Each structure stands twice: as C-alpha cells, then as structure tokens.
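For reference, chains read A, B and C in written order, and residue numbers begin at 1 within each chain.
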Amino acid sequence: MSDLADGLRIEAVRKSFGATEVLKDITLHVPRGEFHTLLGPSGSGKTTLLKIVAGFTPTDGGKVALAGRRITDEPPEHRNIGVVFQHYALFPHMTVVENIAFGLKMRGAPKRERLERVAEVLRLVRLTGFDHRRPAALSGGQQQRVALARALVIRPELLLLDEPLSALDRKVRQEVREELKRIQAETGVTTVMVTHDQEEALFLADRVLVLESGSVRQQGAPADIYRNPVDEFVAGFLGAINLLKVTVDGEFLRIGAQRFALSAGQIEAPAAACRGVMHLAVRPEQVIVELGHCESPAGCVNGRLIATEFGGPIVTLRVDVEGQEISVLALSPDVLSSDSWQPGAPVWLRIRQARLLAATALTQ
Amino acid sequence: MSASPKRRLRDAEAVSPFMVAMLGLCLAILFVPLVIIIFLSFNASPYGTLPFEGTLKWYVALFTTSNLLGPTLLSLEISALVALNAALFGTMAAVWLDRRALRFGGGLFRIGLLSAITVPWLILGLAMLLVMNAIGLGRSLVSIYLGLLATTLPYVVFIVVARLQSLDHDLDHAARSLGASPFTSFLRISAPLLLPSIVSGTLIAFMVSFNNFLIQYFLAPFGVQTLPLKIYTLIRVGYLPDLNALATIIVLVTCLLIAVLHWLGLRNAGLPGGATP
Amino acid sequence: MTKRRLLQALTTPILLLPAALVVALMVVIPLAVLVWYSFAPDGPGAPLSLGSYRRMVASPLYGWLALKTLWTAGIAALITTAIAWCPAWALSRLRARTRNLILLAIVIPYLTSYLLLIYSIYVVLGPGSPMMALPRLIGFAGTGASILYTPAATVVMLVYENLPLMIFVLFSGMQRIEGTLLAAAGSLGAGRWSRIRHIVFPMSAPALVSGLVMVFVPMGGAFVESQILGGPNGLLLGNVIADQMTRADDPSFGSALSLLLLLGTLALSGLVSLVGPTLEWLRNERRTRDVRLA
C-alpha cells in the first residue's frame, strides 16, 4: 500500500519519562521532498519526537522508517539524517570548512571531494569566502547557515530542524526564513521542522502537524488548518481568534438578542451534533465592520465600538456585541480616514468565514 | 539625596580605605616571609645575619656541592609520573561520571574522592601505611606512587568533570548525526575542548604531589629521600643558606606554573572557593 | 541486547576501574582498616575488644591532649578567619583586573610546599632574624627571645598556611553579594558599617562557616608544624599519633587516637555548621510569636 522508498514514516511511537507520558501513539508520514512542521507549545513532546527520529533518544514502542529502511534501533551515526540544532552546535575548535567537512570525513570521502562538496554547499547557503572563519567570529544568522550547510553536505535522506529561527533577531529571522524555504526547494530534501512559532510554521511548511501533550491534534496544509481549526486549542494556537458564545437555533445562530443565518457567511459546522450552546471561532480578519446600524435581518450583527488600537498598517477594533467582545482587523487607511471611529460609536459587523466548535470547559 | 543611581552604586561598591589597608596588611603577612628568604638567598652570611652582602654563591653551591639535587630529581620524577597517570585515570573517571554513572555509584565515587582530600593527610597517610604493610608492599616507591596518586586524582577528576558538564551536549549529538561513533565523537570533539582542563589538572596534580610531605613521610622507605623529606631533616638542623636558594627557585617555578594555569583559563587556578566539585 | 549496547556495557567499567581501584585501595580500605585496628589491640588476628579505647580513657593525658589540640586548631581557625575577612571583602569589590592579579599572587604561597613555608616562618621567627628586631625595639621581648619553640609559633604557622584558602572561600561567598544591594541599603540610610553588619556579614556567613570547617579539620591533624616550631610545650595529638603508629609500633592505639581526632574535629565542625540554621530557626520562632501577639 505504501511506496517503500518514500520519506519518513513514524508508526505508533510512544515515550515516557518516568511517570510522565510525553508521546502518546504518534503516527505520521512525510513524503519524500516535502517540508513538514511539528508545531506545538513547550511540553508538547515535539523535541522528544525529533530526538527519537534522530536517534538520540530510544523510543518505548513503535517504529521509525526512512526511505523504506527500518531505523528504529539504529544509532544516530547510521541513520543518514542531517540535524540543525537550536543553538547550532558548531564545533568551536574547527573552522567553517572543517565543520562542514566533518560529516564527509566520517564517511571516508577523499580530500578533493570534500573540498568540492563543501564549496558547493557554501554556494548554496551563500557563505562563499567564509571558509576559514571560526564559529565565534560569525553572526547568529551566519552560524545558522553553516549549521545548515553541515547538515546538507552529506546529502541526507532527511533534514531535521530544531527551532532553527528561535535564537535569531526578528529582522534576521525574516531573511533566514526565506533562505530556508529557497534552499529546501532547491535541494528537494525531505524536511521536518520543530517549532512553537506558528508564523514560521505557516510560512515554511507544506503540511503542519499541531502537537499538544503528546498527541497530534490536527494536521494539514497551513491554509486549511488555519481556516478550519478542529478545536479551540488549535484555533488559538495558530493565531488570534475570537470565540463567541452562540446558541444554535435551526438555521440561525443567536448571540444574545440578535441572530444571523448560518448561510450569511461561510460558516462551517462540524458534521457531528450541532445544537445548543457552541463557540463560533472567527478570525479577526474575517469580520467586516462598518459605522452605523445594520438593516438586513439575520445577515449582520449590531454592536458598539469599544476601542481602536493602532498597529501600523492595520488597526485592531474592539467591538462589543451583546456583552461579548470581538476583535476585528481593519486596514489603517479605512479607519483613519474618518473621525467617527470613536469609543461608543454604533457599528455593524458582517462575518465572512467562521467555524462552529463544540464549547469546552476551558473557555468562559 | 540627590546622587544619581550610578554614583550611589559606585559609592556603595567602593571599599573603605580601612579594608584596603587590611588587604595590604594581609598580603604583606603572606609575602614577607617568602621575600625574606629570597633576600637571604643572596646574602653571604651562612647564619642569616645582617649586614647584607650580595652573592650568588649559594646558588652555585646548590648545583655543585649541596646534596639537594638528588632528592629534587627524585621528587620531579615521581611527581611527573603521578601527575601523568592522574591525568589519564582521572579523565577516564571524569568521562564515566559525566556520561555513564548511575546516580548511586557516581555519588559513592565522589565521596571517596572528597575523603582523599578532606581527611587530614596525617591520618590518611598512617592508614595507608597500615594497609601497605598488611599487603606486603610496606614502605616502598610503589606505595608512595599509589598514595600520591590517590591524593591527586580528586583534583583532576573534579576539574575535568566541571568542564565536561559545561560542554554543550548537542556537540556530541551533532557529531553522531554526522556519522561519528561515540568514541570518534569523544576523540575529535570533546577531547580537544577538554584539553585545557586536563592540562591544568595535570599541573595541579604535579604540584600537589611534589609538595605532599605527609604521604611521602609515611610511605617512603628508609634511605629514600624526596625533596620535602630532605628539607624536613635539614630544618631540624637549623638555618641552611643553600636551602634559601632552592626555595627561591621553587617559588619562581610556582609563579611560572600559575601563569601557565591562568593562561589556560582556569579561574583561581582551579582551587576550592572558585571551582566547586 | 544489541551489539552496540553490549560494547557500551563492557567499556563503561573500564573507564572507572583504575581510578576506583586506587581510591578503594588507598582511601576506603585504609580508613576501614583504621576503624578495625582501633578495635583490635591484640593484633589483627585476635578477637575485637575495646582495649585501646579503655587505655585512651584511662589516662587523662590523651583527653587533655585532644582538648588542647582542638583548642589550638580552633584558635588558629578563628585567627585565620579574622585576618582573612576584611581582605576578602576588599577583594570582592575590586575591579576584575586588579582582583585577578591579587588572587593569582595569593595562589603562590598556597601551592608552595608547606615545608618551605614552615622553614620561612622558622627563619622569620628566629632570634637573629630581622623580624624580631621590631618587638625588641619596643621592649616587647628581650634579646635572643622569640616565640619560636612555643605553642604560639604553631598557631602562627597554622594561620599562615591556611590564610590563602580562607581568603578564597570567603571571597567566593562575598563575591555573590551584588553592589546593587548595598546601594539600595545606602539609599535607605545605612552607613558603611551598618551595611556590613546587616547585609555583608549575614549574607557571607555560610561561606564563613564552610571556610572555618575547611581549615579546622586539617589544622586538627597538624603535627609537623608543632614538631618543628612548637617546642617542648607544643605537643599535639598529631605528634602522639605519629609516634604511636611508627616508633612505638602500636597501630591499634594509634588508630584509636586517630579516630578520636577525626571524630572530634568532625563533631566540632558539625556543631559550628549548625549554628547558622539554629539561629535562623530561633529567629523564625520569634517572628511567628511576634506575629501571633500582634
């Protein structure tokens, strides 16, 4: 059923440290050439999973296979996996060239071949000319690229990235992010990145797996899971979200005294039971807000402006609707062009896209 | 109070002249005896009396007629051997402590090491002699070697372990992921980074075993004299001018070794109060 | 078990073996033998008895000697602390460069063979030396007099030997007291001596205690110092032990005395270590009582 030579397969892997169950029955598949991200808060088990795949930690059960080969019990040095560590782990007593050539040396490549391949990979990460520098003389972004080069030069079956951007300044992060995407596309290496930063994950990955407390909550393409989070945790973790308490009333949703039709916007509801009190998950950018009062019945909702928060290109508007607060994103020019956007002004809202989620005890 | 916070910090940090004077006094106490010895080593009088008459004759005597050279060489040989062995076995034990030790075994070993340097060497030396007698080695060069080794291992182990634990474990992981066996990873990655600590530990082991009079006193066979033992017999005779010359040379060599240790990056030359085991 | 795990299991003991053997043979076993011998006055083969301990208790000499030794060591330890305290504090406030230079200088006497140190103190305290000229001028001492060959000389020697170590230990404790704390106290009205009394001293007290213990234990075992410098009245327990074990050839009695010394110093050190926590407990009791009354 599965193409044997296709990337990374993890089946039913579990791991406990003492009494704590860190990974609970994880199964996933990364096809060859794709870029997957394991996204989750600290403690979700994502780093442990990475260490298990790399071979630094043994697993309590389950299997790991790479390119059709079982690697569950292999030591790290036999797995042919390139790893980029969060703090780069460059060998401080070696130059850039020596660092990068290390893997080739371990494989017995002759000197000329080593030099050629190192030069090639330095070109790839755009660090030609840095050959004889020591890691201490490099900036964070440069160190990161050396670490990447070191992992890629051995032409690994799999590239593992452990929070690669977390140690970098914001500005550098943008640049390196784009580099990473370009390099992965150029080399076509199967890549798994571990991170807690949802912005990174959504930008870089072909597919995102959201991990929480040792299990995969949801996986899918970035845009899909962003638009259709399966539960409140995923919804809140991937970006700002409004969770409105609504009551399902046939074809309508009631918020306090007002109601609007399910068909008025693209409101996706889960197939399962859709009744009673539920939470409507609405992204702030999916709400259109206008000054004044809404006439169309069941197509829009009326509310009162509480505050406006200027944030450069966008303005965050906080609106009160039947006692609940909803955040709305609007473009600055639209808001700032008029003086009427004052606290207390009546406004009306139209919801473009949202998702109905079961109400959990976690939210008020 | 209108003083700026920075000024207030500086004022509070500044030490009173009294404290500095006490520091000066303390340093004087520490160095005056040594300075006097160095001074007297250039003094012609064989009884250490003034007036001062400059001469180098005691240094010449030291290398020609005095019988201090023999014991010095013996001490150097023994200490060098002990130091090198302590470096090897101590580093191995340090690696074991850092990577492979079970908590119980590791703790036990540490206690053993601590005992070697906290139990007064008078008692330890005597106890060692009892055991050496019991197993038939008695007073012998082998006994001295073993005794000195036991009392210098702790220094090497604690210094190297401290360094090992401060090394990023990801370095080893990186090497392994690139294809290095655990042994190769240690050899090519950890060992080079450990080298300064190992060298420092070796130097300290050398000095400690060179100077360890008590262990040598109890374990040396009659007739065998290391330098501390020789000095001991001489002191009971009284003032000895070529001893002054030797002392001066030793103090100078100590200064040099300390400079080397500092250059290797060891804080406080790796002593208690600075590096905790 | 995979081949790899097997290899790892085999190499692990090899790493530890040489060091562990040496430590076991030269530290653990000797100490155990010491305890054993102290209970074997009739030789190793004979049945165990308390003979040596009875002998020890029978004559008041040994008890008195033990007290004298602990007393000497105690005084020396306290004097060392008193001399080292202010310099350590000054060092902790100096700029890094000056401070490191001075610390390195202090290491020199620390690493010098203590026999050479004894010799230099011997020369310094001798009647002909320039050092005694000063007290003689003041009229403190007659010509030809010196404290050499008196118990005071032993104390001087012990202090001199252990000064560097005490400075290091105190310094490392005091170094942790941040200048900002003192500045805060200053801004609240505390003068220099107040700050020392209320902040520096309490916060450096643990280091002080550990320093005291670290020098007290080896001082208790001193014997070369007292032998060379102490004179006829300077005999300490260490001398007697050395004598018993080597010349008098009564290892059992010597062992018993050694254990007495060891336990005495450890017990006293333990008591001193408890002073801090006890005071803290008393202070807490008073605080809760005051709160209850308020």
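The rule is short, and it goes like this: a residue touches a chain if its C-beta (ideal position, glycine included) is under 8 Å from a C-beta of that chain, and two chains touch if they have at least 3 such contacts.
Just so it is clear, the model here is predicted, and its values are computed rather than measured.
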| item | value |
| --- | --- |
| Remotest chain, subunit C as reference, centres from CA atoms | A |
| Geometric centre: closest chain by C-alpha means | B |
| Pair of chains whose C-beta contact count is the highest in the structure | B-C |
| Whole-Å separation of chain centres (CA-atom averages), subunit B against subunit C | 18 |
| Interchain centroid distance [CA atoms averaged], subunit A/subunit C, Å | 60 |
| Chain centre separation (subunit A, subunit B; CA means) in Å | 55 |
| Sites on subunit A at which at least two other chains make contact | 75 |
| Subunit C contact footprint on subunit B (complex, rising order) | 1, 5, 8-9, 11-16, 18-20, 22-23, 25-27, 29-34, 36-37, 40, 47-50, 88-90, 92-93, 95-96, 100-101, 109, 112-113, 115-116, 118-124, 126-131, 134, 146-147, 149-150, 153, 157, 182, 204, 207, 210-211, 213-214, 218, 227-228, 231-232, 235-236, 239, 243, 247, 250-251, 254-255, 257-259, 262, 268-269, 271-274 |
| Interfacial residue positions of subunit C with respect to subunit B in the complex | 8, 12, 14-16, 18-20, 22-31, 33-34, 37, 44, 83-84, 86-87, 89-91, 93-94, 100, 102-124, 126, 128-131, 160, 163-165, 167-172, 179-180, 182-183, 185-187, 192, 195, 211, 214, 217-218, 220-224, 228, 238, 241-242, 245-246, 251, 254-255, 258, 261-262, 265 |
| List of subunit B residues in touch with subunit A within their complex | 168, 170-171, 173-181, 184, 188-189, 192-193 |
| Subunit A - residues contacting subunit B, complex | 54-56, 75-77, 79, 81-83, 85-87, 89-93, 102-103, 106-107, 150-151, 154 |
